[in-house]
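In what comes next, chain A is part of two complexes: it sits with chain B in the first one and with chain C in the second one.
So, the complex of A and B:
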């Protein structure tokens, strides 16, 4: 029902104030503004897609691998205080995302603990709009767009598309990986406890090191859990909102703007609820597509295994 | 019955949009009313002589300081004892979201805060009742610029409760130490900013946004759009000069954004001694008094550009919802914004009365704040048209790039103008 209503509103010029039934039908105008007509709306949408795309392709694999690894560690029967470790690792997942983002902001202050620990020049993490890939390219002397990258595709130049996540977004990614891996770890723990310990013992008797046991015995047996966590991860990361809202509200220089945040700001700050609904609908389609691709990919490797 | 169904559907539509925006976060403030604890003042008043039980009104506003909440509740208590109507003030944590949900569901509060920035959106959607003739006491007393900030398409919608303007707030000791007089022109400001900058302190600090940078454009006689927000006017020599002036000051290291020096906002930077001068409004006064009582500060009007001084007026009014418009609601609004209520309201803390007749009375308690009040004479209302917020956002983004030295003034003007034209059509 809400999905259908969102779809319905996305074809109207509803401002978000007053009843949507008084708004006018505007056909595909909202979608045109986001996808076809050049202008600020399409540009903001393109920027949000770029930001979130990098966010998804980095956060999802990282949190899945980390979670699997943590689950494997805390599942070791020889580990003392397993319960305490599990609680500690799960803690960030049950803390309010807004509260934890604020703590993160303090940690990443220029004079914060992260800058003190890292042996690099002080970085004002959450205020740094430069792309990570741009920064790496800068190390190799490429600090402005080469001629092939100046061409504009969908409002942004190739150079802007290839910027990578900004340093500010990167800090939010680290936060997301840290907080979500606790939840995913629980899913993997559930999977691990379903694995008959004799299988691992047999591998150990055969002389497999712990790494080999992890890589060749445990990981293949956890395939259903991998499928679940990656699917949840893809859906969750495309919808990233809380952290962005609490940290930077899309800044610096729109580099932490995400489609979900755009939906919020269009609907509630800019009185463009119709446009927001259209953005939400496109986001929905993107998530469906990604989930479908991911299903195809994991499905194929299932046959190979 | 039909009506109820459509109200429910409308509400679900809002939830759908907010659910899409929030994922499965627990932020459900849109749907919940956080009622202020009913104080003795609002509930225990016995109605006056008549047997009329009086209307029960709900008023919404955003949550701010406790002083503000308690002042308003006290004022509403006094109103109850005069009128016999009882008014409950319910501050909302996520105000825009909560108000939009209530309006869509057809159940808005009787009257509520409306920011001048938001007024065109609400008025265009028909959410506000226009002011009926004669319900507001002496409307001619209200500053014309503030009255026009709440006028949309020729209709006056709501009376301002108070207002704020921007001024140049400075650290008296820092200026005295450097032997500098408070600057009165933009040239003097640049010189002062350079002289006041030390390794631990920036001469001038303000947030990288149109709501601050715009005062320099106004001072030069320019601005981002024309008066009725129908055409972009950013591409002018006046704006070019103002933006170049700011870019130079930032790139020379004499000016800074608050975040670059680890301050949440310019007021905090001034309090911490990281800024010698900041561009802020009168809301800074209470903040400094509460958090940095030792900071010796003062304020002057914004330094003049080639065409005089420029500042913005930020103002909030009490709007009466079109849905439940009642005489009682207008009566309460008139009390709160009328000569008596507004005097009590603005005396309690550092917002300025929107009525000219209250000027002298207010100044006798707030002598130091006269520069802010003087700004009312030439202030530009902080207001655009529905949908223009995107252009302001684009300006802010480009302005950040400008002061970082990533783009030139001409590039900023070209891309913001393009963005503006795509919105204004």
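So, the complex of A and C:
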């Protein structure tokens, strides 16, 4: 029902101010503005997709691997104070996303602790629009777009598509990885505790090192948990909103703009609620597609194992 | 298994899974390093909230106070009551919203979960399918129809508008249904034989048995409602009706270069404390909630 309402609004030119029932039916105009007609709306949409795509493909694997590693550490039988460590690692998950983001801003201040600890020049993290991949390319002397990358595809040049996440977005990614890995660690802990120790003992008696046991015995048995965390991760990361709002509202230079934030600003700042509904619908389709692809991929490796 | 037959001591010595000494050392060091990554941001936030602004400007990264700059000080705390920062009012709003949302959510989820678990009414599958589907819909997609409904009902800038839409919670219904399906049906049959009505059975038999699930749901909902950001952001736009997360988030950019970071950190720390207490007291339930999610 709410989805149908969103769909209905996405075919109208509702501004969000009057009643949507007085607005005019405009067919697929909103979708055309986002996907077909060249211009600022399509460009904003393209930028938000690029930013969030990098966000998803980096944050999801990183938080899953980190969560698995943390669960492995905390699950050791010899460890004293296991409970305390678990409590500690999960704690960011019960903290407000806004409070955490504000704390993060202080950590990443130009004179903040991150800059002090890292052995590099001071970076104004949250004001730095340069792409991370561009920065790395710059180290190798590639400062501007090579000729093959100047071609424009869907509002952005190849060079802009390949920028990687901006430094500002990268700081938000670190935040996301840091907060969610604790939650996902709990999921993995549940999985680890369900594994019958005799299976691992048998492998140990056969002479398998701990790494081999971990890689060939434990990890395959954790497949259901991997599936769950990756699914939750994909769904969650595509919607990233709170952190973007509290940190930079899409800036600097739109490099932390995400589809969810774009929907919000179209609907509630720019009086383009119809357009926002269309953007939200496309975002939903993207999430469904990604979940479906991920399901196929995980399913395949399941058969291989 | 092998080697476990020869008494306790030899069993210990030949436990094939016991990590080597080097490995143990590595694990302890790794945990301390990782652990400090998780503690340090909170420690720095607490310290910053007691710094003076000049001290913060000069040493944003320092975990100590610079007395020559007037730190430590309660300036951050005093800043919580100003014309832009209505900390007490926001806290009051957050408490009202959280209490009402949690009460409503638990009641609605228990009732809906029970009917889905026990009463196979026509269209049962369809309703359950819709609830599962709603769990998958991004919050931002729901934001627009919610806004339309609030607007049409005249609930923008009201407590009802802040509370009512958050009461319906697909995850809560799902959790309650899963739990109630495991309650033996004989309990209800016994109550029915004693002449109890369906509703009486629900309140006197089912709810007490389902207490662990109810508590888990109540605690997870408390954290969720307290930290909820998107809904209160769109449901109200008057400063005195904002909840803590929204009030805090929109402060940024209002002060230009004179942002009172000590006050912002103080507010962030203070709004975290109630959730920290709940978390430390009810830790077990967070794990159970997670386990419920995995089984589903």
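Definition applied: the second predicted complex is superposed on the first by the 304 of 305 C-alpha atoms of A that agree within 3 Å, B and C clash if a C-alpha of one lies under 4 Å from a C-alpha of the other, contacts with A are read in each partner's own complex, and residues count from 1 in each chain.
The rule we apply is simple: a contact is a pair of C-beta atoms (placed from the backbone, for glycine too) under 8 Å apart; a residue touches a chain by one contact, two chains touch by 3 or more.
Owing to the predicted nature of the structure, the values given are computational and were not obtained by experimental measurement.
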Give one word, clash or fit, describing how chain B and chain C relate on chain A after superposing.
clash
Per the contact definition in the header, classify A:225: touching chain B only (first), chain C only (second), both, or neither.
second
May I ask you to decide whether A:264 touches chain B, chain C, both, or neither, giving the answer as first, second, both or neither?
both
For A:253, select first, second, both or neither according to whether it touches chain B, chain C, the two together, or no partner.
first
After superposition on the shared chain, which partner residues are touched by A:234: those of chain B (first), chain C (second), both, or neither?
neither
Comparing chain B against chain C, which has contacts with more of the residues in chain A?
C
Given the touch rule stated above, what does A:41 touch, chain B (first), chain C (second), both, or neither?
first
A:198 contacts which: chain B (first), chain C (second), both, neither?
second
Now for A:111: first (chain B), second (chain C), both, or neither, which partner does it touch?
both
Which partner does A:97 contact after superposing on A: first (chain B), second (chain C), both, neither?
both
Partner chain in contact with A:187 - chain B first, chain C second, else both or neither
second
For chain C, which of the listed stretches 25-33, 97-105 or 133-141 runs into chain B?
133-141
Chain A residues contacting chain B in one complex and chain C in the other 1-3, 5-6, 9, 16, 19-20, 96-97, 109, 111, 239, 241-242, 260, 263-264, 267-268, 273, 276-277, 280, 283-284
Within their complex, chain C touches chain A through residues 1-2, 16-19, 23-24, 27-28, 30-31, 34-35, 37-42, 44-45, 48, 57-61, 134, 136-148, 151-152, 223, 226-227, 229-230, 233-234, 244-246, 248-249, 252-253, 261, 264-265, 267-269, 271-272, 275-276, 278-280, 283, 286-287, 290-291, 293-294
Which residues of chain B touch chain A in the complex?
6-7, 9-10, 12-23, 25-27, 96-97, 100, 103-104, 106, 118, 121-122, 124-127, 257, 259-260, 262, 386-387, 389-391, 393-394, 396-397, 400-401, 418-420, 422-423
In the complex of these two chains, what residues of chain A are touching chain B?
1-3, 5-6, 8-9, 14-22, 37-41, 43-44, 96-97, 109-111, 124, 126-127, 129, 236, 239-242, 250-254, 260-261, 263-265, 267-273, 276-277, 280, 283-284
Which part of chain A faces chain C closely enough to touch in the complex?
1-3, 5-6, 9, 16, 19-20, 70, 73-74, 76-79, 85, 87-92, 94-107, 109, 111-113, 115-116, 178, 182-183, 186-187, 190-191, 197-198, 200-202, 204-205, 210, 224-225, 228, 235, 238-239, 241-242, 245-246, 249, 259-260, 263-264, 267-268, 273, 276-277, 280-281, 283-284, 287-288, 291
